[in-house]
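Each chain gets a letter, A, B and C, in the order it is written, and its residues are counted from 1.
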Amino acid sequence: MLEPEDNERLVRVGPGKPAGHLMRRYWQPALLSEELPQNDCPPVRVRLLCEELIAFRDSCGRAGLVDAFCPHRRAPLFFGRNEQSGLRCAYHGWKWDTQGNCVDMPSEPPGTPLKDHVKILAYPTVELGGVIWAYMGPREHMPPPPDFEWMRAPPTHRFVTKTHEECNYLQAMEGGLDTVHSSFAHNNHLNDEKAFRNFDTAPRTEVERTEYGIRYASTRRAGENRRYVRVYHYVMPNQQMRGTFTPLFIGENGEHPYATPKSDGHLWVPIDDEHTMVYNWACGRDETVPLSAEFRDRWETLAGRGADDLIAGTYKLKRNRSNEYLIDRALQRTQTFTGIRGINTQDYALQEGMGPIVDRSKENLGSSDKTIVVLRKVMLDAIHAVERGLSPPGVDPQSHRCLRPYDAVIPGDTPWQEMFEKELVAKW
Amino acid sequence: MLEPEDNERLVRVGPGKPAGHLMRRYWQPALLSEELPQNDCPPVRVRLLCEELIAFRDSCGRAGLVDAFCPHRRAPLFFGRNEQSGLRCAYHGWKWDTQGNCVDMPSEPPGTPLKDHVKILAYPTVELGGVIWAYMGPREHMPPPPDFEWMRAPPTHRFVTKTHEECNYLQAMEGGLDTVHSSFAHNNHLNDEKAFRNFDTAPRTEVERTEYGIRYASTRRAGENRRYVRVYHYVMPNQQMRGTFTPLFIGENGEHPYATPKSDGHLWVPIDDEHTMVYNWACGRDETVPLSAEFRDRWETLAGRGADDLIAGTYKLKRNRSNEYLIDRALQRTQTFTGIRGINTQDYALQEGMGPIVDRSKENLGSSDKTIVVLRKVMLDAIHAVERGLSPPGVDPQSHRCLRPYDAVIPGDTPWQEMFEKELVAKW
Amino acid sequence: MLEPEDNERLVRVGPGKPAGHLMRRYWQPALLSEELPQNDCPPVRVRLLCEELIAFRDSCGRAGLVDAFCPHRRAPLFFGRNEQSGLRCAYHGWKWDTQGNCVDMPSEPPGTPLKDHVKILAYPTVELGGVIWAYMGPREHMPPPPDFEWMRAPPTHRFVTKTHEECNYLQAMEGGLDTVHSSFAHNNHLNDEKAFRNFDTAPRTEVERTEYGIRYASTRRAGENRRYVRVYHYVMPNQQMRGTFTPLFIGENGEHPYATPKSDGHLWVPIDDEHTMVYNWACGRDETVPLSAEFRDRWETLAGRGADDLIAGTYKLKRNRSNEYLIDRALQRTQTFTGIRGINTQDYALQEGMGPIVDRSKENLGSSDKTIVVLRKVMLDAIHAVERGLSPPGVDPQSHRCLRPYDAVIPGDTPWQEMFEKELVAKW
């Protein structure tokens, strides 16, 4: 459990809030590159850390991320015209470049000094790994751009998608970091004794604080004298990486049609205190095994966010709170633990079903919750560090550049640290 | 009129509120038995007195009513699995029995002391008369279960339904206790001079406080030298009983196709401060006259809550605020007082149309409002009694066990008290 | 920009608020005459200056505007019966005339003194120019009815419509008074060099305070040695008048199929702080040129509020915020500045898109904003006057009776004041 005051410190991300200050010290995903498909395309609304912004791509392909409202009379720039090298307000024609400068002010007399004087709030952006990242913190603290391994992998070996979740980022992220729930919520083969989920419902967890956040490992019995070990990274402030070579379902021999040597992970990016944009990435580990379009389709569909699972024109799930995630109670009785289709849809049902912001003072934590206890401590410490004028962990890309997660089934008595040592290093 | 402070005391029913304390001293209907149709069936959401709960029926048929959120990490138990003798959370598999005990904790190591230590909030329930009742107050004050006559009648002679109303319970209940409005709001035969509604629009009311609440009687002229007298009970804290032998429409001779010797009534159960679940019961008075399925259909349809009147899969009316109750202004001009079909739909239009919580400081009460003036006094006195550590009226089932309401057309000069004496006693 | 305190003083119009007091010193449009199409027709809900009211037309054709809730028990009079000379509550039959008197109280004994004692809040109304106007201020300050020229024009030469807008009245009205935005937001002929909108995007504005509010004039270059001058009136507290003889589109020679000698204007009537009912009037200037039905259709369609543009049975636009005004980005790129169809729909997109109440402390005003700077000053001064017990400007119809706006293309060096002098006087 957590004191209500600490909960508040963790969950509120607006300007001026403790966790708001923390989140703004890191580059954050603002939108996918695919949302601005070409130069001078229509602008896109972005709500990020409780701020209302507009993204646009200029004539040179640069991404701008500016205040959603024109500084002249606060007209909505969403209805603006994305013209040659700038976004022009549809009210009085003031035109803004990606740096926040006014490059045309046609409603005023030529030569007006107002044109040089007025700026629009514009956040620095960088486009890497299929994502447009923004830095919303103090300029003097702006770190170099993020440099995760999956961002460096060639597009043939990597993809990123995103999905909208209706709850605070922290309960979503805690659900992601939680390893044990996958033996329950994601057990889709209730009656198959050989299914991985049924092997061991109380895995052991080892948790270690690092300069970038947390490294932790879960260990499950996996048949006679074998263990399934999965090593995860939590990278400050809101990313998880995990190995998924051994796929979500594993037979006794590790065989499965979805098995592909890859890592994957999420970034839980706060839209505001009650909504989260979850970025989902996957990255092949082996140069000789690209992530094919067919694989991507199967993987995303398995997660519940395939093309047919989304409401057209949005990043929202058709199976959502308003329709109780189309829970099938007969299926739940006989085949899957939740009766809900889609691995991440199962997560959303549980996380959104807690209400927009969970009251952690009413929890009763067990030994399986070790990771999230450390997570909260890491976050609270980092918030406190920022308050004292210090730099929080994981800001420097040096701290996360070499990270790679890993998982494997290994003999029952081998120390995983030795066996995994070489695998836990980025290759891209 | 009522001072705003007294209004607040009466209408707020959440934990810690004055009327919340009062309501929690009585057994309250939580849901209909039909909502948990068989052992181990899917759980059902229940919002009651501002609390979010989950009802389930275990393998022995017992009804459980527990916190809607698992005490482990606050996952929603609505998505839980109702398994052998317990409801299992879909997040980490913790399993709860109807008494609030944890009967399995598979995500923790075997033998963990946490399993015996952690409890879930579970309210006592009792299933009687087609209703699952809950007691949500202090255990040391828990009274014996309710024992109204209609609960003892055989199922062949009794039925209970429920409908969702979008306003505070008190303005709904005041509308129910109000006798005079039926001459207006429920007058569906404007131009029939012989119709009961047109006989007498200003009935006399006698009101008497009792150990269980209030007994009151309305008297209307009903043709030459005849009176229609109807005796009602208000049973603390939120039930009304009334005789409906003489049916809703009465010709000079009392004849009518719907005439059946029966009582009926409502319980206005607060979902929260702005929503009410109205339980509607009917109970035959005569062993030889069961309430047939056909009668039930006709009666419920007359009330506006027949099978075709409800939104499928809900207890909500198709004719509701969002569509202005499908008021038919031509019908209103020529045939019925409101132009709205359904006796209780007429009530809902008027009660919901007041807004979620009526401001009683702006009222101007007349002599026809005598009953509700006494009702408010009875409630305020009971709230005050609870605050002083006393037991409020009507808690002991002894006080309501023998109650039966009655109505009849009688000669113009006979005292109704004598004529009704034997009829006002429960026979079941 | 405006201090937040001054913004609050201007935008809040509920009872007791500074601008609420000001607005209540003037007759305000409550609804269109067409909404009460005949005597004893069904009542209509009116929300005006944050108050919930009911309008009805009695048997003599008088319009009543009363509290939406019956003073007896606060039942909604919307479900009432509009009977012979009064509106009868559907709950207990109390009947109210347009003056607020109770003319029948059938639920009480005959002769009850309550009937004379109880009144319903009833605002004075007057029906003029196709509009039912209400006075909601102190009786001792009630001015004579409004007397604008367009109200006196014969119905053949005048029409009034209304449309619902989802934002505060002030940002809507500021958008209406703003002259320069029409060169951008309403430029529907981007590539036509001869189109009026493209002539001159930085018009000069002359602004003059008057006894009724503001008179201002915009001047645009219009080809070789010609100027387009448009004279507007802002009439306290929420009306604009402008000449539209020279139509919205003008070729070099002033020719255009929509050209008709007329004035038009809007009244921005606050429904509440976040919703506005915009009344749109048009009035022919020339006795020999009536405004035909065909003209009205074309004009209203051009504005975006033609018959096909409204959601049936409402005064709301089909192109609205929920569907992003059906913006057509391809059209925006190539033909029109906004890609939104309908002149006023363009306005609504920009004004509603600011959010319900714009934060004027974040503005950066230029020379083109002169008129709205004066507007705010006039309003703040008037609010202050009312607070000091004085009468605000423009209350006396004498101050606005003779007003007529005008516009014309004139030679480049002629003073418009002389040329327009005779045209700026009401003829009806």
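To be clear about the criterion, a contact is a pair of C-beta atoms (placed from the backbone, for glycine too) under 8 Å apart; a residue touches a chain by one contact, two chains touch by 3 or more.
Being a predicted model, the structure only gives us computed values, none of them experimental.
Between subunit B and subunit C the CA-based rotation angle works out to 120°, given as a multiple of 5.
In this structure subunit A contacts its sequence twin subunit B using mostly different residue numbers, the overlap staying below half. Inter-chain spacing, taken between the CA centroids of subunit A and subunit B, is 48 Å.
In subunit B, no residue touches at least two other chains. Every residue of subunit A that touches subunit B in the complex is listed here, in rising order: 174, 180-181, 183-185, 201-202, 324-325, 327, 329, 332-333, 337-338, 340, 346, 349-350, 353-354, 358-360, 362-369. Across the complex, subunit C is touched by residues 42, 69, 71-76, 78-79, 81, 89-93, 105-110, 112, 114, 117-118 of subunit A.
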